[in-house]
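Here the chain labels run A, B, C, D and E in written order, and each chain numbers its own residues starting at 1.
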């Protein structure tokens, strides 16, 4: 590591970063006319303002707390993630799907035996798991009114399964996880397609939304979040199984 | 110095540290670590872009908050960051998987000057 | 036109279903690809273009939209064609991951071209990165693992720049819609604009195989199987050409005129394109691994195409589009045949491929036709593109003239190595041994059919004239042809 | 009529050439302090050789020797003798230069057909020598052509008519000197006789010739002497007012060549070519430049 | 159907047809013969019909107009096309016999494509057609030269690289010139270049320089004079004559078509009687002939020898063209045809030798006149013609060129011409002496004369060269049409006499033939009236009558061709080292290969991938800030 080449690389890296820093500095201090990156742009000039006002469809519409709106999720971030830009979110699911599948593809399959867990862990696991699953469930159900959502919920749920795995409990099998994953994924896109057949547009929030602030509001968002949560949970849990569930190894090495 | 500038400077520093690491480190795990630092930096940067002095969380809690929508920070960067986090997670997971495979096939984690091409055609 | 989303949704549904399909995966994949191909052709031929499709019912710039123009749908047709060919030439049984990944790649490649939202574009490009990495890594040997991880690290580093760029765009312009950005680009401070352009270009140049962003390319092509090569070239490469047309020449164009808004950066890109042409053709000259030769040549052609795009007059743009089509067809021929040849001889080295042309004259001749087209020899599709690009570059500054000289010099180098290789196939085989495997008839038929198309376009360039003119016109008047489509009545 | 003319001119040239050869032998002998054969000895030689039995290897030898003599005779017919010619022609110099080559070609063909190494070496030297002397020769000729704006020998000769002071030897003395040296090489006289060098390659081309082949070879040589000296006369000595005058001038030129032949040693072939390309060529170029500008 | 189109379509279609039935070699070559026969006939009927034309509009826009490809029957194009197809016809006949099981090169379909582009080049009316056909010609020729042999492929690579440089400069030139005139039409572009010469001399010089480079490369004029020695030598033996005679004329054709009219019409600085660019061209031609002659003298491979000889001959033609006078151009055109005829005869007779013996090195042959007398005769007459010896055809054209050069006072050029043509004796005789004359090696004791099908075309060529030599009107009459078509005022030429610009220097060739015949008769009579000859074996003579067999030894067979001109070569050795363009080329090739390996290594190791990425970003940043 401490050879000359490494030194050269360090110098080059610093040189490059110096160029970059100088560039950013000159951008920040530029006196030319036009919008600068350092300008404090008001939110009113951005698309976000319409999201906040929930008047994307009709510019003049107003909404009230507890009333109807074009998107009745109280969490504006959620309304963006799971409604206005739902398509992005669906693709995120695919990103996770493909990376986890790629992980499963490339990881060398070796039969690793998991150590016997301690008595304490073994016995407390069901409780722990239940608690975790509950927290996860709460998060995806309430994703549209409070911070949270499908992704963190799925991650929390997958930790529950990890705990189960570590404790040596027979929770779910790898195949079941695959099935959950596939079914959840299929459902997400089926719902998206259903929108096309019902309302003529894909990824449309076709359910009649409730009132802003209600639990049963925001139309499809809770349903989609549920599916996302299950799918993420299944995918992330799959990673643990990939490690030790040896399979048929057909390497070409 | 405003909060916003602190965010910007710290996030830029994180990105620079990551860029430095990606170039100078030879160990794949360290490179991935650097990549993650870059990602963190970017996420912070994106959020900082949407930051507003004294802004509130963009979650509606009452009719009062509806009347002061201008006080909220920009929700869009936060939505982008959510996506970005997931992508970062995916990258890291996949890359680590490949790293394990790399260690098996190459016997090292060094990315330096290795020649993969001695294997004959496989098609 | 909302049904265009089927181009994305159906492959993705197929990707999930592939987890359960055992042997039927290949058939399913072929059926899905055939569907997307036919569907895209139907859209292309329908008279509803151009149209903007709002996804989820949210109008642009608030929701994500797909923009269907003759240009984008034309590229979709090409991408799906490459996809279906790549499926046909798969050799041997593949696991479900392959098909699943492939279907994601198909959806992502379609999405990259169709999307009208820059962040959506980012996600799609990340998806292609992961899919390509998985496909390269698929053989899971030393070669492919090394190639895959290097590609992944490089692409991730580059895409973080893209993400920063998108962040800056949002921070300054407050929008993520390409058409919206294009119409507001004049409001930006010049240096901020340069920052944005540099950040976004860094992200996309890695996928575009441009020197010095392209260290991954030869390794990736070399590690991938023939079908993966076709995907890399035909899907990713073609989408890359579209990205240039859309991001550089529409989003960052001066008043929708097809000229990059910052002339200095345009010059820098031309330098990069020239470097790419020069470096890749020289590097290919002495290369013995056939796939690497083709990879280098792919890079060179990409440089040529971008050179054509950056010149910024109608003639050069026409040439660049001709070149896209010609390069697309010709290189697929070569990759398909290379796969067959490598399987037959069991060697990557073209010097070991003697006698193949004698055994399979049709394959040999098709290879020759493909390489002649890439060289830009008359009677083959590549000629018209090259002619028009050079002709277009003549009207440019001394910079462009240098580019012309480089193109002509490298054309010599390219000609020498391509014909040298082509001729090797017609040499007498030294030993009397049989080939390791038999060539598959359908691969040769595909190659021959594409060769006939290359020849037809070469003899009568008017065959695709209308399509190319539509595309050129769209780039040159992107305000009326793109921004107006998304925001009717804004201008 | 023309045919008879041609035959008569040919016989005349052969006769003159043979007598010149005889005189040359006589002069050489006198310079060697010998008595020497009579001046008509060459004619006797011809009759002797022609009447004897001879050996051949294949038809190429026959063809080649006949071709050689025919080529030289053809050349001779284009050289105007004191304004007289066997038939009406412009006696183009270039034609003469190329026609002379038939002789060389025929000879070369005949002797290489014999398969004798000495003959082959001789021919290789002869052709090399030819390349050596053609250059200065042509440069001199070029000077003449440029100054007369015609490539006709008749015109060149006619332009010198009248007084002796009209002769080109006075107008272009450098050209004459160069031509004199070149002529030595053209006639194969010392110091440029590497191709026949009897001591090295046993008379080179002639080694395998016997009887009538040698006879034909001698005839060819005789005609070539006539042609070469005739050219010289036409170029530099006014061409002669009548045939006698012409032949006397020829004899003078030939004797100069013979005298040089007797007083010089022999160059090696590459030395000869180098010499020819440096001295006569240089002189001729100077002459040409003087004429052209 | 339009006859111009037929000329293109027939070879094209038959090319694909023969590709399908490539296994039946005899049929394929017979079809090839039929096509060449048809082309010759069709071209023959086209003489005088100078209004024939054909054009097609392509759906491809340049300069705001749809591109048009067009052909026209011009006297100049016809002249070259007709004699080229005549040559092809004769070669085709030869090829039927030549391509048997052992010598099969399987090149007939590609050759047909070459003929297709050949027609296109000679009849092109616009630059695009010209370029398309030109490039098609270059690439197809590569495949014929390489013809599936490894060693040939190496030589062909050499041809290919230099030829591709030529097409690149041509493309650049065409685009520059047609931008100038806003159309691809050749005639218009001549006018616009003439205009450019009066306004911007150096730019115009650059423009025509690009074209001239291409033409010089294709005709192998200095400094590109060395590729033929490689390409000709390794190409199929029956293709070499085509390569040498027809394909070396493309450059000549280009010069006459495009460069000469420009130089003639423009107002250029003069050097003596002619313009400076023309003089430069003449000097290049002169250097070519001299160098090629010297190099030819030293070859041991007979095909290489005649490759250099071809180069030298094209040098003469260029010299003739560069005189810019009627006589010079007449001579150049005449010599083009002559070169086609005698060089085809030479290469065909050599091909017959190779067909029988399988040997290309001259010093391994010898004495073949005993076994192949007809081939010998053909070769003999062909080299007499090539050496420019009257009364055969080669003389007339050389004579015309020399006369034109002298009339234009191009003194040193004409000296070079004479040097080259005298040097020609040396190499021509070397091949004659060592292949046909001398001693027959024992292993060739049983070879036969060339087969009938080979003998017929060779004999026809032999008679042709004689006929043209005696009656030059056969060629000068069509040349009149060509010169008239180029805008020169020419008197109708006579059947027997050739005229020149110098005073009183006309030459009646028929008369010359008669005189030579009478001289022959005289010397024949002398030969016949003298004593009888006896035919003895060669060995008997120089073994002094001893029979080596009695001494239990076999007589050695000698061949003296190896190092035939050794002393002469020693003189030139220092110069040969200096002018070895081949060495420059190969060292350039090595540089490219090294650069290629280095770059390839960069990509193979790829540890600097991120570094290169950063460098790329830095290029963008710095480029943008500049």
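One rule holds for everything that comes next: contacts are C-beta pairs under 8 Å (C-beta built on N, C-alpha and C of every residue); 3 or more make two chains touch, one makes a residue touch a chain.
Predicted, not measured: the structure shown is a model, and the values here were computed from it.
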Target chain E, source chain D, minimum contact steps:
1
Steps needed, at minimum, to go from chain C to chain D via contacts:
2
In terms of CA centroids, furthest away from chain B sits chain D
Starting from the Cα centroid of chain A, hunt down the chain whose centroid lies farthest away.
D
With respect to inter-chain C-beta contacts, which pair, B-C or A-C, contains the greater number?
A-C
Could you tell me the distance, in whole angstrom, between the mean C-alpha positions of chain C and chain E?
44
Roughly how far is chain A from chain D, centre to centre by C-alpha average, rounded to an integer in Å?
106
Centre-to-centre distance between chain D and chain B (centres being mean Cα positions), rounded to whole Å:
98
Gap in Å, rounded to a whole number, between the CA centres of chain E and chain B
68
Could you list which residues of chain E touch at least two other chains?
604, 610-611, 614-615, 617, 621-622, 625
Using the touch definition from the top, which residues of chain B touch two or more other chains?
19, 22-23, 26, 50, 76, 83, 87, 90-91, 94, 98, 101, 105, 111, 114, 117, 122
All pairs of touching chains, each written as two labels joined by a dash
A-B, A-C, A-E, B-C, B-E, C-E, D-E
Complex contacts: residues of chain A adjacent to chain C:
23-24, 26-27, 30, 32-37, 39, 41, 45-48, 50-51, 56-57, 83-88, 91-92, 94-95, 97-99, 101-102, 104-106, 178, 181-182, 185-186, 189-190, 192-193, 195-196, 199-205, 251-253
Chain B residues within the chain C interface of the complex:
15, 19, 22, 28, 31-32, 35, 38-39, 42, 45-46, 49-50, 76-77, 80, 83-84, 87, 90-91, 94-95, 98-99, 101-102, 105-106, 111, 114, 116-123
With touch defined as at the start, can you tell me which chain C residues reach chain A in the complex?
2-3, 5, 9, 12-13, 15-17, 19-20, 54-59, 61-64, 95, 97, 100-101, 104, 107, 111, 119-120, 123-124, 126-127, 130-131, 133-134, 137-142, 145, 148, 168, 170-177, 187-195, 198
Residues of chain E defined as touching chain B within the complex:
604-605, 607, 610-611, 614
Using the touch definition from the top, list the residues of chain E that touch chain D in their complex.
367, 369-370, 376, 380, 384, 387-390, 395, 398-399, 402-403, 406-407, 409, 411, 414-415, 418-419, 422-423, 425-426, 429-430, 432-433, 437-439, 500, 502-508, 511-512, 515-516, 518-520, 522-524, 526-527, 529-538, 541-542, 558, 560, 564-565, 567-568, 570-571
